[in-house]
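Read through the structures below before going on.
Look for subunit A in each of the two complexes below; its partner is subunit B in the first and subunit C in the second.
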Partner chain A sequence: MSDSVELTIPVRSDLLILARLTAAAMAARAEFGIEDIEDLRLVVEELCISVIGTMTTGTLHLRFTEDDGAITVGCSLWGEGDEDGRGESEPDELSLRIIEALVDEYGEDTVGGRRQSWIRKHRSKVAS
Partner chain B sequence: MFDAAESPHTPHELWVEFAATRDTSLRDRLITENLGLARRLAHRFAHRGQSYDDLAQVASIALIKAVDRYDPERNVKFSTFATGTIIGELKRHFRDRGWAVRAPRRIQELYLELGATIESIGHERGRSPTVSELARATGTSEESIVEAIEAGQGYRSASLDAPAAGGATLGDTLATEEAATELIEERSVLEPALALLPPRNRDIVKLRFIDGLTQSEIAARIGISQMHVSRLLATSLAQLREAFAGETRT
Partner chain C sequence: MDLTFEIAEQRVDGVSVLTVTGEIDLATAPELRECLVAQEADRVPAIVVDLTGVSFIDSTALGVLVGAYRRQEDAGRTLKLVVTEPRILKVLEITDLTSVFPVFADVDEAVHG
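Now for the complex of A and B:
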């Protein structure tokens, strides 16, 4: 069984705290270690950066899913009239390196006609 | 001695060669070739209450650690391995030093307490503690722990300030930072700079940034107070910074 939370925020840097807090709260609930939570917060921000690219308008749609000891975060940018707001921009190399270094899986797909970038991080094995 | 003229050509072959020989000149070359990554990551974490110079030092020393620890036989690219190592050290630096944003006093106090509690539980159980464990240990709520983590760690990306600052775009900001980074990334000066430090200071710097010990652990190991370790680290980092500045001016 999985739990999902959806978050919709305008493209504004001061509101990305909501994305970080949501990720941290869900990871805490899933018994992630504090280091993993710190990584997840950082990655969620990089994910948002990579999706926003050079856009200054639009709405970020984030979907956080907790499933079997892992958190998956999908992010897309909606423009005017609910169109895909990302255009052709690609994430910068450094964002990709940070994401690659800190999560287990990441990728891109299409949901409802919009490009969505996603990351997935598993809870680290707990020493007994 | 590593001979560049006869060296293998692909990055993977260089890493295999280094793993086999631990050749110091090859090590210097690998550090030099990857300093740009360390500096770009330092830029990414800058402007949150910590100076770029300090963060660049932390990132560069973490890079050396990554070079020494990287195993080319593992199915992980060096850039990925090094990025994780460098970010880990930057996070630790912020945890030790950083109070980047204003927060209520109770949250500041809780965050400071968390640092010691995280170390303590981590040491005791051999893993990173969970939020619920931290809440129990500090006698507060899980919500307060999450709030303290968010408020206490100012390492979020500098580039995100761009949309709110004078209409500049994220891309503009990134491009400017990357360009500035490229200007100063071409020299490897850490090793010679470390050699300039007095032996005890050099040992302390290596214990802190290469071996990853906390200031308290270093203090216990060499028999001085944590405050003394803190002062010696500050002095040593200032010397390293000066050496860096001298090299980048030449």
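Now for the complex of A and C:
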């Protein structure tokens, strides 16, 4: 059984903290360790930044799903004149390096006719 | 988690020291950039950015620091970082920026190093 939380926020830099806080809360609830929680907070920020690109208007839609020791976060942009769900620019190199280093999987797909970027991170195994 | 973002400026032996606290993200990185540009305009030989009190840093903030570092280098000056927080060091290592920035463990070492 999986649990999902959806978050919809205007494209405003000062509101991305809400995405980070949601990621941290989901990860803590899924019993991720502190290091994993911090990794997820950063990756969700980078995911949002990469999806927003150069857009300054619209709505950012995030879906957090916890399933079997992993959290998947999908992110798309809903806005006027941006029907495919992404901003104009591609993620920059620094952002990509961070995402690639800290998640198990990432990619893009189409949900409800909108392109979304997504990441998936598994809970690290704790040495006994 | 300290959510209060602040930048304190001081001069130590002719070096500009910016002490940053809180989270540097898409919202607060522009303020850091403004502050760095102002210091660059003063043509100090070195700028030290003390990140000891920073609890979160994203690619936007890293981009601001890289931009300032390059401008300083182009002008024959330098920019150094003070980093003690393992989280921040981890992000610098992931992005391979530890090979770009001179990174120090304390301000005194950065100012005189």
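Everything that follows uses one rule, which is that the second predicted complex is superposed on the first by the 122 of 128 C-alpha atoms of A that agree within 3 Å, B and C clash if a C-alpha of one lies under 4 Å from a C-alpha of the other, contacts with A are read in each partner's own complex, and residues count from 1 in each chain.
Heads up, the rule we're going with is that a contact is a pair of C-beta atoms (placed from the backbone, for glycine too) under 8 Å apart; a residue touches a chain by one contact, two chains touch by 3 or more.
Values in this document were obtained by computation on a predicted structure and should not be read as measured data.
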Based on the shared subunit A superposition, would you classify subunit B and subunit C as clashing or fitting together?
clash
May I ask you to decide whether A:Asp92 touches subunit B, subunit C, both, or neither, giving the answer as first, second, both or neither?
both
Given the touch rule stated above, what does A:Ser124 touch, subunit B (first), subunit C (second), both, or neither?
first
Based on the superposed arrangement, let me know which partner A:Ile37 touches: subunit B (first), subunit C (second), both, or neither?
first
Scan A:Thr56 for contacts with subunit B and subunit C and give back first, second, both or neither.
first
Comparing subunit B and subunit C in the superposed model, the one touching more of subunit A is B
I'd like to know which partner A:Ser13 touches here: subunit B for first, subunit C for second, both or neither.
both
Touching partner for A:Arg115 - first (subunit B), second (subunit C), both, neither
neither
Please indicate which partner A:Ala28 is in contact with in the superposed arrangement: first for subunit B, second for subunit C, both, or neither.
first
After superposing the two complexes, find the one stretch in subunit B that runs into subunit C, choosing from 9-17, 117-125 or 153-161.
153-161
Name the residues of subunit A shared by its contacts with subunit B and its contacts with subunit C.
13-14, 16-17, 20, 38, 41-42, 45-46, 48-49, 92, 94, 97-98, 101-102
Spell out the part of subunit A that touches subunit B in their complex, as residue ranges.
11-14, 16-17, 20-21, 24-25, 28, 31-39, 41-42, 45-46, 48-49, 52-56, 89, 92, 94, 97-98, 100-102, 124, 126-127
Under the touch definition given earlier, write down the residues of subunit C that touch subunit A in their complex.
3, 23, 25-27, 56, 58-60, 62-63, 66, 87, 91, 94-96
Can you tell me which positions in subunit B touch subunit A when the two form their complex?
37, 40-41, 44, 79-81, 83-84, 87, 91, 118, 125-132, 134, 142-143, 145-146, 149-150, 153, 155-157, 159-164, 167, 169-172, 174, 178
Touch list for subunit A against partner subunit C, complex:
13-14, 16-17, 20, 38, 41-42, 45-46, 48-49, 92, 94-95, 97-98, 101-102
